[in-house]
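Order of writing sets the labels: A, B, C and D. Residues in every chain begin at 1.
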Amino acid sequence: MIKLKIDHKFVEVEKGTTIYHAAKKLDIDIPILCYMNLEHLDIENKPGGCRICVVEVEGRRNLAPSCSTKVDEGMVVRTNSMRVINARRTVMEFILSDHPKECLTCSKSGGCDLQDLAQQLGVREIPNEETCEMSTYRLDTSPSIIRNLDKCIMCRRCEMMCNEVQTVGALSAIHRGFEAAVGTAFEMNLEASTCTYCGQCVAVCPTAALTEVDHTPQVIRAIADPKKTVIVQTAPAVRAALGEEFGMEAGTLVTGEMVTALRNLGFDHVFDTDFAADLTIMEEGTELLGRLKKHLAGDKNVKLPMLTSCCPGWVNFFETQFPDMKDIPSTARSPQQMFGPIAKTYFADKLGIKREDMVVVSIMPCLAKKYEAQRDEFKVDGNPDVDFSITTRELAHLIKQANMDIKKLDKSDFDQPMGESSGAGVIFGTTGGVIEAALRTAYEIHTGKNLEKVDFDQLRGMEGIREATVDFDGLDLKIGIAHGLGNARKLLEDIRDGKSHYHAIEIMACPGGCIGGGGQPQHHGDSAILKKRAAALYREDAGKPIRKSHENPAIKELYETFLGEPMSEKAHHLLHTHYFDRKRKRNIGV
Amino acid sequence: MAKVKTLADLRKMKSELRSKIQVRENPENPESIVQIKVGMATSGIASGAKEVYNFFTEELAKRNLSGITIQVGDMGYCYAEPTVEVLVPGKDPIVFGYVDVKKADQIIEKYIKNGELLDGIIPPNYQNINE
Amino acid sequence: MSKYKKHIMVCGGTGCRASESDTIVEKMKKELENRNLDKDVQVVITGCFGLCEKGPIVKMLPDNTIYTEVKPVNVTEIIDEHIIKGRKVKSLLPADSYKGKTDSKNMDSFKKQIRIALKNCGFINPEVIDEYIASNGYEALGKALMEYTPEQTIDIIKKSGLRGRGGGGFPTGLKWEFAAKSKGDQKYVVCNADEGDPGAFMDRSILEGDPHSVLEAMAICGYTMGATEGLIYIRAEYPLAIERLQIAIKQAREYGLLGKNILGSGFDFDIILKLGAGAFVCGEETALIHSMEGLRGEPTIKPPFPAESGYNNMPTNVNNVETFANIPTIINKGAEWFASIGTKKSTGTKVFALAGKINNVGLIEVPMGTTLREVIFEIGGGIQDGKKFKAVQTGGPSGGCLTEKHLDTPIDFDNLIEAGSMMGSGGMIVMDEDDCMVSMAKFYLDFTVEESCGKCAPCRIGNKRLYETLDKITQGKGTEADLDLLRNMSHVIKDTSLCGLGQTSPNPVLSTLDNFWDEYIAHVKDHKCEAGQCKSLLQYNIIAEDCVGCTACARVCPVGCIAGEKKEVHIIDQSICIKCGACMDKCKFNAIELI
Amino acid sequence: MCDSKIKLKEKDIAKIKEICEFFDNKAGELISVLHRCQSEFGYLPPEIQDVVSDFMNVPVAKIYGVVTFYSFFTMKPKGKYPISICTGTACYVRGAEKVLDEFKKELNLEVGETAADGKFSLSSLRCVGACGLAPVVLVGEKTYGRVAPDDVKEILAAYEN
């Protein structure tokens, strides 16, 4: 243990502790900006770049960044001397002098770390503002993410997420000095880069340098259009996090309140993506059993392990980075993209309206979903299966715009038939949930037996890569789970090298799965929030009367009256997809 | 080239090399020769030291003078580059500054042949440690 | 073969010339002619002796007698006594302390420079290893390997008091000891040859003139810390140095002085080159290491120090070229000998690249403790064109501008910091009365802004703001409040920046504020630039007495701001004037002045 | 976005591959690889960086990050006669700025630009170490010392044909 003095108070901490954390123990909150501790990923972002967290250490010539300075025995630290306060404020003035002052219309206003700090540090003016040159960059709007580097403060969090955590490598620090920013190669659009739109960069950005494309105006216009029937689907992870935007404790389930809010907003039918998740299980589970059967029969050409394909960030990842393996993942579409075509065929038929008159909106914890909805293969004659995908955060904005507070709304139920779901569909929102849902169904179909215990505890947890062996009545089914694309990369490389022994692998692009998605309320690296959201989903699952996808009566009816059986031709047409080689091409001339 | 295998080898090598130098610097010795060192660091070369070096090499031969031209590093007198140090056996080395081909010609004709000094000599202004 | 029997050398350096050395030469020649000695005795004008304070200097050959403070009236005496009678003119011999050793060969104590790091530069052919060996090369390595343990070797370096010559001045021996004590499967010795200080070329000169001394020192360092691999991080802009290093490495390998089992000691060591790519910040050791690893050269927070976790996360010792170049001599001549040179806390010598408005631009090496005055006015031969000395910048963009009042400060690490500058790598730029100090500070900030890596906010943005504020002042738009702002920004940038670059980049601003406050005030209050460098602050003015009213200026003025009737005095409307200078060029009567 | 589009030929790609392999495709040798590529091709357009990225398995964004960090690397082809003006301190105090201005005026180029006909390009560099010759101008390999603004026309004239 190390004993030191911070602001005249003694504190004892373990060796290796930083001044920042030691001060926390004394309830001294040293302001931070670039620093971010992602405990659940065992990664800290501490480039020591913003210099906001500097403190005075006796005997040192310069101020020390508390986020990355370790304590020493007998150290005497001042976090609030006038020298420190002046330095901190001056540095903040520097940062703001190179930052657009458009807070009033900025999408991050109210949730912006920089804005909060400017207030906390009492910055009231920028000296010589009129002569301050600003570093400016081209605005980049992609299908999912907007990059406005004018607002980049070089905290490097996005760079760390994109490279160390996700290993996507779309972003890097570029240029030098005043012009330095985090950007793409050749400052190309994200769309041309290896970006998967996982949105983890957006999730950690302290300012509005990285934000989602806002689709709420289009949604409002669609609802306001009397000619359109507007249908909404909500992904499982949304209900476990939406409350946070309204000041509720993380992990509070607001499913019923959310449904009420959506109905109040004027959506004609409020459905649940969980319904489509059950549908996904039917298709994906059947596909897995099919491949398994062929494998067991000695078919050497069958591709195993089968990889899940419900995460669009992950799909983008293997299309750009592992195109040689694009026949390994399941061909089943993601729940969002199963919901769309069913709504625009099956349900539109029921309503007796034309496809063009129906607008399908999805509420997703995800930014890749925006891109996914816009993919050409998910359009019929230019009309997309899912018209607009908005994030949990965007939904919160919509609800607030409509003068509602989720805390004060009554609960109500989803509409039928596409609002019916099983507990299996609910847990899609957390890492391990998809494969658990699939096993619940696959087990019963494969063995013909009733699954006694539906909870597969061995599949749950927050470890980046997990594995489990499930007894399928004598057959040891080997399951792998990875969340975070960096972890996915490891499993993919093993498969490529022939070292993988799994039958099936679930992959989620975002750490924690959808609950940690790029469209969720910012968790600021607090891993407890992610755990609470996951727990909430498991709670909802446990409380559901039906917990297996194949037992969902609405699903049963859908097959009986419309699709036939899983993997039928119609199901193939509407519910399956194919993948593309999207590796960045070299420019070779003639 | 043979490897230097021990410290003793190295020291032997050094003394052999040194005695060679002494031979060529000793005016009494028939093998003594004029040594011309041309400062050929980047700045020297930039100001034309290469031309001067080539000139000396060619002209010593043409004019039947026994001497060698050696490229060396920066002598320190950057203001007067190219700089050339001429060592005539038995005499103190003399450093000439601002040496172009014309001046090099004078150095050969006047100083090396006749011992006549030229204006613009640079007096050494430092002491070198001797080991 | 010599035509002349004797030579009289008269210093023709600027200082001596100012004190009538020309007349001395003329008179010498005449007097020799009068005595019919002009066929036997040659009078030659030489470059600066570096003794300007005692000028004019006259040196007699072949006996090497030096006469100081010679005046034209002394000429006859020198000829009659020294040349004809062969007796020294005692009254002209240097001061008492030098008596008894009045020939220049023994006049070493008279000289301000001692060459240790540069000892072979300009003497040996850097492309021939034999020449290095003949001048005692690789002896130190042999000695260390055969006669000393690694600990003993480190001890010698520690006792010598050698401090890092790259700028920081950290004790080299201590640094070696840290690296030696660190554990790692592989350890590295790195030579920092990324000399990026604009106006400094010490390291390049050493590498071009004496590459083996660096290789030898690196091997010694490797032996002390248990490293088998050395890397030289060198600027790609130094092609000749790179070439000479490559030749040197090849020859050393051929001789077995690099490679396996060096001199039969069982010690293996080899060296490779890593090219820098033009980033000043890579002089900082963590940035340098990242650059060697193929990354952006951004510094990281220390600790961990490279000695614990450096190149490839292994213990790494980084020293700069000049530091290494001192090592072989220290081993050969001993720690005590080295420590006896210089001052107590800063031992040995320092190489400076002397440049700017000085007569003898060049590479010099002086013992620590030499004063700036000695360097500038004696070795450097004083200010060009007889102008007035104004300031000297040491430490490049990290240093400060020192003035008249600092001239007698002995140069060492601590004194320079105390004076608001720093040793830096050894650039020394001399400025005269025509240099505007605000513009000078702006010049350095322009450099820093361009070279900041951009990682930390104060350096990335703060320096830009400093630059903009200085620019505002040089344009005549500054206010007194801006001066306070400059000071506060400077202090905060120093206090909060991540690495040495930002921690020192405001030094040129602070030191000019401290030493040239009046000049700043003149800029912001009177809108005047005494040095005449800030164009926006200059006014074109028509001198009434000299103006003949030819109208040429009025006709050439592009904005029509000159008014006046023919044959009458013209006037410039300052509020319209764009300061293009066309009128001044056109005026045939020198009636237009810049004030 | 960088709009320069060059087409690499198969043999160019083979050359880049050879360079990468010389350094064992090791990410740590990225800067060495870029040095070799630049000396081979004269500059580092996006296409070359893309190919290097491919062989070395380093994200191209990282490579671009390195290329734009170091002033020695350029993504624009230099002129046939690249002109560099030293703006180190020694040259600065001896009037390099005026010389640079004169070159800008004569060539109608800004620093970092290459003339449309590809003949001249203009750049400034920090200290070539020939401070004794300040101010210094380099045209290709040739060094001009003690350059005054009035000399600029004459220097350029030597390359006019």
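In this section, a residue touches a chain if its C-beta (ideal position, glycine included) is under 8 Å from a C-beta of that chain, and two chains touch if they have at least 3 such contacts.
Just so it is clear, the model here is predicted, and its values are computed rather than measured.
Trainee: Of all the other chains, whose mean CA position lies farthest from subunit D?
Mentor: Relative to subunit D, the chain whose C-alpha centre sits farthest away is A.
Trainee: Report the chain ID whose CA centroid sits closest to the centroid of the full protein CA set.
Mentor: Per-chain C-alpha centroids compared to the overall one single out D.
Trainee: Please work out which of B-C and A-C is bridged by more C-beta pairs in contact, and write that pair.
Mentor: B-C
Trainee: Starting from the mean Cα coordinates of subunit B and subunit C, work out the distance between those two points in Å.
Mentor: 26
Trainee: With chain centres taken as the means of their Cα atoms, state the distance from subunit A to subunit C in Å.
Mentor: Those two chain centres are 56 Å apart.
Trainee: Please report how many Å separate the Cα centroid of subunit A from that of subunit B, as a whole number.
Mentor: Roughly 73 Å separates the two chain centres.
Trainee: Using mean CA coordinates as chain centres, what's the gap between subunit A and subunit D in Å?
Mentor: Result: the chain centres lie 43 Å from each other.
Trainee: What parts of subunit B, by residue number, touch at least two of the other chains?
Mentor: Those would be 41-43, 45, 77-80.
Trainee: Provide the list of subunit D residues touching at least two other chains, using ranges where the numbers run on.
Mentor: Those would be 65, 69, 71, 128-132.
Trainee: Among the residues of subunit C, which ones contact at least 2 other chains?
Mentor: 201, 204-205, 238, 279, 296, 355, 361-362, 453, in rising order.
Trainee: Touching pairs of chains, which are they?
Mentor: Final set of chain pairs in contact is A-C, A-D, B-C, B-D, C-D.
Trainee: What does subunit B use to touch subunit C in their complex?
Mentor: Residues 1-7, 9-11, 13-14, 17-18, 20-21, 37, 39, 41-43, 45, 70-80, 83, 85, 91-92, 97, 113-123, 125-129, 131 of subunit B touch subunit C in their complex.
Trainee: Which part of subunit A faces subunit D closely enough to touch in the complex?
Mentor: Listed in rising order, the residues of subunit A that touch subunit D are 138, 163, 168-176, 183-189, 193-194, 584, 586-590.
Trainee: In the complex formed with subunit D, which residues of subunit C make contact?
Mentor: Those residues of subunit C that touch subunit D are 195-201, 204-205, 236-238, 274-280, 291-297, 312, 353, 355-357, 361-362, 393, 396, 427, 429, 431, 435, 440, 443-444, 447, 453.
Trainee: Please give the residue numbers of subunit C that touch subunit A in the complex, ascending.
Mentor: 279, 296, 298, 300-301, 303, 449-458, 460-462, 464-465, 468-469, 471-472, 482, 485, 488-489, 492, 494-498, 503
Trainee: Which bits of subunit C are touching subunit B when the two form their complex?
Mentor: Residue list for subunit C touching subunit B: 1-4, 7, 9, 11-12, 42, 44-51, 59, 61-62, 64, 104-105, 108, 111-116, 118-127, 130-131, 133-139, 142-143, 145-146, 201, 204-206, 208-210, 238, 240-241, 251, 254-257, 263-264, 329, 332-333, 355, 359-365, 379.
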